[in-house]
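Structure first, then comments.
First chain written, first letter: the chains are A, B and C, and each begins at residue 1.
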């Protein structure tokens, strides 16, 4: 299977300001996205995530490097026909209704009339907006705009879907819906490339990730390879036992009423704590081993660089 | 066709702009007020009405073209609606041309409206529908088309205020071409004069589209100038649009 | 793979070259067309803009405090308008136009002068010239130049010395008036025939003269006036002699002898007057300017 996206040594500098000062934003980005996977692109603010995406889409012209989409040069018509894009904080022509909006984009792809109408109906249903088809975009909420934007990105039934912060600013229910939609794309055989700050979501659905810091990809790989199964520490909430009893066994992080929240660093100590609680006739409210999360990796990577 | 699709929504968007109707209102008021103005003159009254009418269509048409044209492309870039658009298999040239034709269509509708009012007022005075007025209007419209192209050119890389100033400067330069001609006549032959002559031929001469005086005074217009002026307008507009496309093609959208 | 990535760059370069070529082609085309349109002559109607001049009163209100600027612009336009010889009837609105300029900016002096000049020299309407200058002076009573111009017109063109005298009298004492204005006034008096006042004025000028040249001029004029007075008296006496005796006196002394004249006046230099018994003409021995 070909790579959906293959970027090699991408470089871009900007000359900004009245007295032009050159700032190098992308210092040689290289990564690839396999066809049919969900790829997460993370990095702190200003690292170059959006710049990379804009290079990918032909909104910015790179200084050096190559970009290929499904083996085609990224600016070729064939490549463009195969992708769909949702920008961050999308803003659309707010005087159009949802249907008119999608119809316009359909016209840009030259879809025939009957195919156009069928597809618009299907997409509106997919993103859950079939009841808002005749509503003007001006009246849409943030979440609704995000969803109609997603529909627009799919108007040409693309093989590759590129999303810039698709989950930003949405409530948990909305995020879940979008996550489900993205997973459904993968089931349909589409490739999804997206950026996000919300690492839990990335952890939930991505197959591969790449972390970009200061214009360079500093870590990339399959999610399961990056995040080990190793337990870092165990968190336990106990009630009915005073905090002093646990001295030496673990760190007491906080107390609330008669509940004590403990952080136990050594695995062996967990059994000791459990024995102590049973002995004192206390109650274990919760026990959760904390493995390394993506957030840990992220923070470690970013602060380490 | 893609240009058509973009022209379509540009037209939809432009006709929602309130400035358009404000200017149309003022144009209508000016044309109607020419009746009052006519009473104050020393000479022929109908000529004042015709001249004020044609001048109104011209001036307010230029204002419409500049004020709306300069924000057309800028708004898309500023509001970032252009991102989803250009990510599609759409040539940047198609985008520019679509915007251009959309605005031209809007101006066509507005000019037609103003002309209707104008012809009605003239009819009230002369009890004739003076079709010859439309010859002047047609070439005023051609001038508007060229100004629209200029507004879009500036709009693709500059803020609306600066673009408006540049576009109006283009309009002024275009009407002062005869001044440069006079200056050249007084210059001595040499490098300076050759440079000035080149400049004179290159800079726009919008008087080529001005048939207001001839039409109002019923003077004969030599047939050749209709054709030459028409193609002058077409080629100059094509040139400006070509420039706009050239500027827009390799632009980074940060 | 490298081939595929190189092709779009080349294609882009080709597209840019094509675009640049297109720009040159269209530019050359419109420049050629511009040359063509320049060669086609179009009829212009000179003076067509005259019909746009509304009444002065309305204009004053309509110009929102920019009336002085409006005056300037209309004046500039008027100069062009009146210099266009192909407009045959351009003088019919002269009065109206300059009245408007005066209404808009009464203290603007040039239009009064120019308007009067155009009216008199080209429009051959001296009454209008006086009207313009009088209007200007009424609004600017300290400006010596306006009645001066009027006096000049009266004296040189109309030969109306009474009118000239009146105008020079108005301005000779105004601030800034040239010192020879008084002399013009005195001369106008002489030409009009008011010899008494003329003599007084020339005497005053003589006595208050600050330099030799002025003194000389005044002296010459005094000579001239005295000559006129004396020769007038003598001629009149000679005439009476002729009535009485049926012939011209053979010499001036005859007039004294017959008691018609008390004594023979001498000219300002003390010379006798020259008498021609055949015609009865009395004149001075010297021409005043040759003294």
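Some points to look at:
The rule is simple: contacts are C-beta pairs under 8 Å (C-beta built on N, C-alpha and C of every residue); 3 or more make two chains touch, one makes a residue touch a chain.
Since the structure is predicted, the reported quantities are computational estimates derived from the model, not experimental observations.
Drop chain A from the picture and the touching chains left over make up one piece. Centrality by Cα centroid goes to chain B. Comparing the CA-atom centres of all chains against that of chain C, the greatest distance is found for A.
With centres defined as mean CA coordinates, chain C is found 49 Å away from chain B. Distance from the chain A centre to the chain C centre is 91 Å, each centre being the mean of its Cα atoms. Chain C contributes residues 15-16, 19-20, 22-23, 26-27, 29-31, 33-38, 40-45, 48, 50-55, 58, 93, 96 to its touches with chain B in the complex. Of all residues in chain A, only 14, 54, 57-61, 77, 80-81, 83, 85-87, 89-93, 95-96, 104-105, 107-110, 149, 152-153, 156 touch chain B in the complex they form.
Here chain B touches chain C in the complex through residues 37, 40-44, 47-48, 51, 181, 201-202, 205, 208, 213-214, 217, 219-222, 224-225, 228-229, 231-232, 235-236, 238-239, 242-243, 245-246, 249, going by the rule given at the top.
Interface residues of chain B, counted against chain A in their complex, comprise 2, 4-6, 8-9, 12-13, 16, 79-81, 83-90, 250, 252-254.
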